[in-house]
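What follows is a single structure, written as structure tokens, with notes after it.
By written order: A, B, C and D. Residues from 1 in each chain.
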Amino acid sequence: MTTLPDPAPVAAEQPAAKPGSESLHYAVRNPKLLIGLSLVLVLLATGLLGPLLLDGGNPNEYVGPQAAAPDGTYWMGTTTFGQDVYAQFVHGLRATFLVGAVGGAIAAVIAMLVGFLAGYRGGIVDEVLNMLTNVVLVIPALAVLLIINAYLGVRSVAVQGLFIGLTSWPWAARAIRAQTFSLRTREFVDLARLSGSGTWRIVFREIAPNMSSYLFMMFILLFGGSILIASSLDFIGLGPTEGVSLGLMLQSAQQWSALQLGLWWWFIPPGAGITAIVGALYVANVGLDEVFNPKLRES
Amino acid sequence: MAAVPALLGALLQGDFGISIWVFPTPVGDVLLEALPYTLGLMIPSVLLSWFAGNWIGALSARRKILDNTVLPVGYLLTAMPYMWIAVILAWAFGAQAGWFPLSGGYSLDIQPGWNADFVLDALHHWVLPFLSLFLVALGGWAIGMRNMIIYELESDYSAYLSALGAPQRLIRRYAFRNAVLPQVTGLALQLGVLVAGALVTEIVFAYPGLGSLILAAIQNQDFFLLQGAFLFIVIGVLIANFLIDIVYVVVDPRTRTGMAGGTS
Amino acid sequence: MTLTVNDLRVHYRTLRGEVRALDGVGFDLADGEILGLAGESGCGKTTLGKALIRLDGRMRHAGGTVTLDGEELPLSDDRAMNAYRFHKISLVPQYSMSALNPTRRIGRMVRELLASRGVSVDTDELHRRLALVGLEPGVLDRYPIELSGGMKQRAVMVISTLLDPSVLIADEVTSALDVSNQQAVVGALTGLRDKGLVTSMIFVTHDIGLTSHIADSIMVMYAGKLAEKAPTKILTTAPRHPYTKMLIGSLPQVGARYADKPLSGIAGSPPSLLDPPAGCRFRDRCPLADRQCAEEPPVVEIAPRHTVACWKAA
Amino acid sequence: MLTLDRVTKTFRAGAFGGGSVTAVDRVSFAAAPGELVSLIGESGSGKSTIGRMVLGLTEVSAGSLTLDGERVRPGKDFYRRVQGVFQDPFSCYNPVFKADRVFALIRRAYHPGVGDREWADRVEKAVRDVRLDPGQVLGRYPHQLSGGQLQRLLIARALLLDLRFLVADEITSMLDASTRIDVLNLLAGLKERGLGVLYITHDLSLGTYLAEKTVVLRNGRVVERGDTQKVFGNPLHPYTRTLLAAVPRLNQPWTAAVPLDACAYHEGGASPGDDLYETEPGHFVACAALPACGRTRA
């Protein structure tokens, strides 16, 4: 998971034309953004529409011949038990997007709360929140999730997303805090205070709009990160206890030695799905970074 | 919860309780036996990927062709789940090409010991897990460095050096040096993710490190082993973070003068 | 004649077209002369200072020539300009406070910079020059973060003039300083010229009062063109261009009081340089403007070394 | 009457917050309606910190700040009568919104009940009060307006309240000479209509142009204050004299400040305990801590 470049210069950039129009002008012309975005949309569509096009039913059902290579009827072949890999893949996409959204959203909300409060308030509040951030940062998220999931009986995709969100927000909080710190000293914040605005009104009506592009990019990275962590958890066997996810597909492929048996169509698509989603998100994010950041654009 | 103080007391003396899965061996011994393999896998892959990633990132900030080829590959690599690239490498170089063994830390017919055959064999098993960890981490560092260098090349001191006609070589050397610093703290931030990557990679290759132990502990509900592994990981990451912070203070003069309340 | 600038045009590439920041400026700088380059923001003075050293990404050399000690400077050829930079023409930038590499000791940075330009370091000379601006040799072993703003600026001044350039461009070096520091910096700059470390100098500023203390002659620019250039004494006491008159008139002097005689500013604002108006660009703000000003006023030398670009000035 | 009595500000400093720095040390002076007090000092003299304390943007560590006898409590009611304008016009406006959003902020907080039509008229009147043409400045983004226009819009914003005091912190230092004068003349006009102004600057010539009273600050302390004519006509503190001499005047070479041999503070019999000594009606000077004096104040 990449870490964002130092955020400070972003805030200093003065937009020339109407703030929106110039970014829009570059956005529609930025190849990375267009490719990344379209790929994500295609995958999302397959994830949402796919299961409807099939006759529904449980993707883990034994329907076809065992270990059949991809052919006309089973586009992605079948597993050693005769499960339709394509059906699993399509349902898996849906679960992966869900855990990405839930995990990414929760992490983003916590990061914003901690980052804005610490950055704007400063003093004791800043030090306490900073300590909390560093503690959660140091403890490897997977180790914590490991213990929690091991104790939890039933695990749904949403709960998994929740726990991932609760442990993957620190780096984002730290980035928001740094940028809020630099924006806080700007005089339009003082002027807002002189107009009787309270803390949260200033944070969300004055500071946040200046970071909107930055917050969106951060959400994209949290979304992708959440998917990667979830797939690792599924692979260890701590995935959702019902339904299917791309990580679970990889886990069962590994468990039933698809690799040794050469059933490549069982373990190639799920990993490719995850990589495509996360990769497309990162590339779109770079495109956005270039749109909002003229320095990167010229290079 | 009366057991907790007793458990804590025991932990302090390194007694992690008895493993259920590998009854009656104490958890501590089981973990200590697996630790060298995990460290042997993680330390080289993390450090080598860090240096190589930064070097490639610096290069791609300079040459357009590199920027358009290396970086997309970098994004692809960093987007790959660790276990998937492990499976792909195992399948391509292991099952298909047969160059490397598919699983295990060493061949079963060899006794572990400090003799040439064992070391060579262990290395032979080590290559694929190392390579998959190395590649994924490499992508992340290359991208981070490329962006950092572009910012440094835009800074005032670079502009001043160019205004005095300094050659690009010198300007880029300074930019690289200053761009590396945030990558050092980046290493500390990434440790949690790298550890997770190592664990799942071990599981793919059935590599006898902490990862395989944790999988076994989960499957056998061996909570003692699980807690022991968790503590090992957390302590390891804390120590690594501490070392990295020390390296950072040594490398970045600004923090040193900041600490001493230098005028700025 | 150290520096001759002839009809120099430099434009900025932007989304909405080319901003003609410098639209044909001509002047010459004699040996030993300190020229004050004054004007309001957006008049092109900083662009001129930058263009003589290094055109950045968005700037384009659209026309005109600059000759230094008889050789024409290849402004648009960044690589070829390197030979002139630092040796023949050097810069004390506006951003002097952050011009030094934060993670390098100053002495080491100077050695590496000089080595990269193929020049050997004469440590005693370096110490002597540091003392000239009131910095002790110990400064070389410290990091930029350990110095105050004023000290960093003076260090940059010494570094920029180490190779005794023919022309030194000081770009707004006093705007961030307090009154007492300003006096020290002006003293240091004139010292560099008096001791022959620098042949001549261009002092870019928006503060005409301060410029009158350092400059031998002052050139006032407006909207990318020369308005008036004259020896300091004449320009400040008997300016001929209406813009210069109003500019000098709007400077409050210590002791001037609103109650006695309120000063007056200049109504309106400079024209946009995306598609500058024809004729005299000060026309719509000038009290003396009439039909004749619809045509571009030529630059006329109405007295020795006193040139004006205005129909009404002659 | 806005009164500062021994106002002090200390900041925590040092990497681990051990030591503390006194930025403002027992500063006392008063500003009356219809009067402009210029607060002059170099960077690091604490003048901006005093401005921020008057506006309640920074806490007062010790001493008291009173408006018409009441202790100042920053909040909506206080900001109805005391407002501020700051140095960098382009930093005073949130770049993401149109410039006249600053008026909307005032309306939301102070005039919720006013109808749209009525409010638009009030805004237009305020904009004309600051000699701007509403057609040219309303509905634009900050980067489409000049520094002078932006500063005057900020003053118009303050006029929409029943303003009694305005803190102007270096409001002209980023402006060009020609537009700077228009803003100053505007302040003079408002002063004549009863507005009290605290004008903070490092530029002596600007300070003396408008101010009835002047306060000269050094390292957080008042070294000399009083009627502007007296303070700059007959400066008694060595710092004021060097400051005055260092100001670049058109066509006059710098003259070295004539050093003081005796210190007016002690000569007048002031005991070390007092803040400043009134050497003549409306002219106060602090101890100059001259080396030869031997009776220096803590």
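Quick notes on this one:
Just so it is clear, contacts are C-beta pairs under 8 Å (C-beta built on N, C-alpha and C of every residue); 3 or more make two chains touch, one makes a residue touch a chain.
On a predicted model such as this, the values are computed, not experimentally measured, just so you know.
For the interfaces A-D and B-C, the C-beta contact count is higher for B-C. Relative to the C-alpha centre of chain D, the farthest chain centre belongs to B. Rounded to a whole number, the gap between the C-alpha centres of chain A and chain D is 50 angstrom.
Spacing of chain B relative to chain D, judged by their CA centroids, is 56 angstrom. Chain A and chain C, compared by their mean Cα positions, are separated by 51 Å. For chain B, the set of residues touching two or more other chains reads 258. Looking at chain D, no residue sits in touch with two or more other chains. Residues of chain A found to touch two or more other chains are 16.
Contact residues of chain A toward chain D in the complex are 14-16, 18-19, 186-188, 190-197, 206, 209-210, 212. Residues of chain C touching chain D in their complex: 40-41, 178-180, 182-183, 206-210, 212-213, 233, 236-237, 246-248, 250-258, 262-266, 269. Residues 52, 55, 57, 75-76, 79, 83-84, 86-88, 90-97, 102, 105-106, 108-110, 141, 143, 154 of chain D are the ones touching chain A in the complex. If you check the complex, the residues on chain D that touch chain C are 42-43, 146-148, 176-182, 184-185, 188, 202-206, 208-210, 232, 242-244, 246-251, 253-254. Chain A meets chain B in the complex at residues 1-3, 5-6, 9, 137-143, 146-147, 150, 171, 224, 228-229, 231-232, 235-238, 247, 250, 253-254, 259-260, 262, 264, 267-268, 270-272, 274-275, 278-279, 281-283, 286, 289, 295-296, 299.
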